[in-house]
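Following: one structure in structure tokens, then a few remarks.
Chain naming follows the written order as A, B and C, and within any one chain the residues start at number 1.
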Amino acid sequence: MRRAVDRLFRLGAALCAVGSIAALAVIVTAIARRGAPALGWRLLAPSGDPESVLYQLLGTLILIATALAVALPAATALALLQTVYLAGARARRRLALCLYALNGVPSILFGIFGLIVFVKLLGWGKSWLAGGLLLAMMIVPTLTVAIAERIDALPRKYLAAAAGLGLPRGRVVWSVILPHSVVGMISGSLLGLGRAAGETAPILFTAAVFSGVRLPDGIRESPVLALPYHIFVLAQDSFDPAAGSRLWGAAAVLLLLTLAASLLALPGRLAAREEARHG
Amino acid sequence: MAEALRSPAPATTVPATSRPVILCRALGVSAGRRPVLRGIDLEVPPRGVLGILGPSGAGKSTLLKCLNRLVDLEPELVVQGRVDFHGAPVYGAGVDPDRLRERIGILFQQPAVFPRSIYQNAIFGVRHLGRAPRRRWRQIAETALRRVHLWAEVRDRLDRPAAELSVGQQQRLCLARTLALEPEVVLMDEPTSALDPRATAAIEELIAELSARRAVVLVTHDEDQARRVCDRIARLRLGDRGGELAEVVPNPRPRRREEQGG
Amino acid sequence: MTGVALRRPAGPRFEPTRWAAWAFSALAAGTLLAMAVLFAVQSLPAWRHEGLGYLTGTTWFYRGELFGALPMIYGTVVVAAIALVLATPVALGAALFTGEFLGGRRRLWIKIPVELLAGVPSVVYGLLGLLLLREWIYRLLEPWDPLSGDTLLTGGVLLAVMILPTVMTLADDALRGVPASQRKAARGLGLTATEVAWRVSLPAARPGLVAAILLGLGRALGETIAVFLVIGRQDNRWPEPLWSLAPVTGAGQTLTTKLGGSETWIAYGDPLHWGAMVGLAVILLALVLSLSLAGGSLALAGRKGA
């Protein structure tokens, strides 16, 4: 009886796990089946072709690059504060809580915040910079955790050795801790990239337009095209058959981009986590 | 005899025969391609303390864990050969390893108390295996704690977290938790290596008491400890292909006190 | 996070690196604070105009200057509740499988796809919701003669898949924080793997598991784009009588879908209307922040105990 219950329960747990994987399989095959016919160089045709998502892709890359350029230094600073500079466990706890809070803020609220501050108060109108800054705020917690995990996994003997040489703390940070956390920065950036590339809500009111522009050439009134926004708009007229193939091609490109980023981030991320448990 | 493992364990019935309670024949263990143990022939008599000594890496702990199939929890370990418990194969088809472990208890190197009260730890097995009705739990806990000489120290704070106890007390609590299930054999994996000399002496005394009525298999790296508490000593050595059994010798030792309580 | 112990320099010396770390962190915290303050201030006109009726009113009609947020709160809560009810058992089951029953590196075979699932953009979820889920839900509801597959139920089911990886990953972390020695001790007493999970691991990991559910709920409350595409975005759906499920099986509106819609553009010039819109943001922020803080402190407490 106990054995039967045990088997049944473990089988149930396994089914839950398989179900989660099946969800991924359904998503990927559904997008791949419809998007595959559209995939091709035509998607990246320089101009004129309505199927091309070249400028949407470039716009998304501009947003991501801006977001990473801003978020990476900020996240590194936060991770250092978390692991090195904050003295007490209590202060570290508070900072960690702040990160949970920031991470939990819904993306649409960043959009509204950006609308108020960048679009209206600063008078930028829709601008790639506004979108990049908002995406940066969103991915800072992800990046910080990835870098802090890496620093925590740093073998203590290196630090002891560096401190034993009489290096001041600032030097230890630059010569030991930061080089070691590069893996965390990369995997965190990739994770953040995956997340930022797919976000629609923050750029809805602040950075993205559907058509009429190519590349931004300033800050004020210089919106970009962006893949997720493109899909979002097309999806709302998905009853229009012409929208169909443009839609699925764009979705396939976006899914490819984000999944590739998540996959590339995995090795560094898993390594840090497994090490942190055993180290 | 395979039935014995499937039905609930009868309370404290140690067979009067002197036939070995556990018997290993050509027992071997490997981790992937790396051999850990090989060719172990060993008999555990129904009473007394069997010590297992040997250099580190000779597979002492692994041998111990083979006896109650705790090796199953480490999927990379493959067991060959034969282990019998009361003449029935432990690795046979239809054997319930969980039932087996109820009857062959184990004590680890580091005491592993659950993050609960002392009382809840003492009755953990009895309660969750449904061995006794709720009204008997208090009595069972007291008996078990008395048997490990912990009752006097904890009777006033049974509802305090077990983690508040000293390491030595925690180890005795773990032993009480196992004894509450009335196992026929108690396996001990270097149970005193985390303890100070006083706590070690307390455990050694308990081992002597326990072994009057049941089998104890004690893995230790401490030659003196083996001489003090064991009735027989099995020595492992490191062979080319994993640990091997070098010898089993009797170890005459001072007469022990009879087990109290229970 | 345990932190790294390093010797502080003797005496009050200026450390540029440390200074920079503090400055950046202040910036991050300042942004969050600025957001909360800005929202609160800009929503004042609505609170003045409606009073508490803003939270309890069931009619939102901006031309008539009527701003009742209750139907949106209802929609948000219902959608998130459906998601949580559906996702939690599966996520915990999967976490038990990887964190408790599967040992060693084999668990990565589950963990990696789940991490990938977490990386799927919400607009893609929304798209598939439009394409597949809406159909399925429509057929499921056919006996009740639905108007379309755009329902709160559709949004909830879609969200369930979206928060599954969040809950599962955090729960798996919590379970793996339970010391292996305790599992081994319980197995040594003769408990089955399932009994060990129920009697030892789940109780020991409880703070972390609750945190996983709270943080998952927080994500569900705040998700916009996917829900936006499948929920029908119909204002003023309020259950009459209160236990009626009609609003669940029909179109509705959540706080986020209202904020993500075109009304946000219309509202900006008018302080009252804009105040009412930002008020929704205040409600959402308050809900989500309390969940993140509760979940976060539980997760941190759980980790410390592990």
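Going forward, a residue touches a chain if its C-beta (ideal position, glycine included) is under 8 Å from a C-beta of that chain, and two chains touch if they have at least 3 such contacts.
Just so it is clear, the structure is predicted and the values come from calculations on it, not from any experiment.
Ranking B-C and A-C by contacting C-beta pairs places A-C first. Among the remaining chains, the Cα-based centre furthest from that of chain C is the centre of B. Inter-chain spacing, taken between the CA centroids of chain A and chain B, is 52 Å.
Centre-to-centre separation of chain B and chain C, using mean CA positions: 48 Å.
Computed from the mean C-alpha positions, the centre of chain A lies at a distance of 17 Å from the centre of chain C.
Touching of two or more other chains is recorded for residues 98 of chain B.
Residue positions of chain A touching 2 or more other chains: 2-3, 6. For chain C, the set of residues touching two or more other chains reads 192, 195. Considering their complex, residues 96, 98 of chain B touch chain A.
Contact residues of chain B toward chain C in the complex are 68, 70, 73-76, 98-103, 105-106, 108, 110, 112, 114-115, 124-125, 128-129, 174, 177-178, 181.
On chain C, the positions that touch chain B within their shared complex are 103-104, 179, 181-182, 184-192, 195, 199-200, 204, 305. Within the complex, the chain C residues that touch chain A are 1-9, 15-18, 20-25, 27-29, 31-32, 34-35, 38-39, 42, 89-94, 96-98, 100-101, 108, 110-128, 130-132, 161, 164-165, 168, 176, 192-195, 197, 215, 218-219, 221-225, 229, 256, 259-260, 264-265, 268, 277-278, 281, 284-285, 288-289, 291-293, 295-297, 299-300. Interface residues of chain A facing chain C in the complex, by the touch rule stated above, are 2-3, 5-6, 9-10, 12-17, 19-21, 23-24, 26-27, 30-31, 73-74, 76-78, 80-86, 89, 92-93, 95-109, 111-113, 115-117, 120, 137, 140, 148-149, 151-152, 154, 156, 159, 163, 168-170, 172-174, 177, 191, 194-195, 197-201, 204-205, 228, 231-232, 235-236, 238, 247, 251, 254-255, 258-259, 261-263, 266, 269-270, 277.
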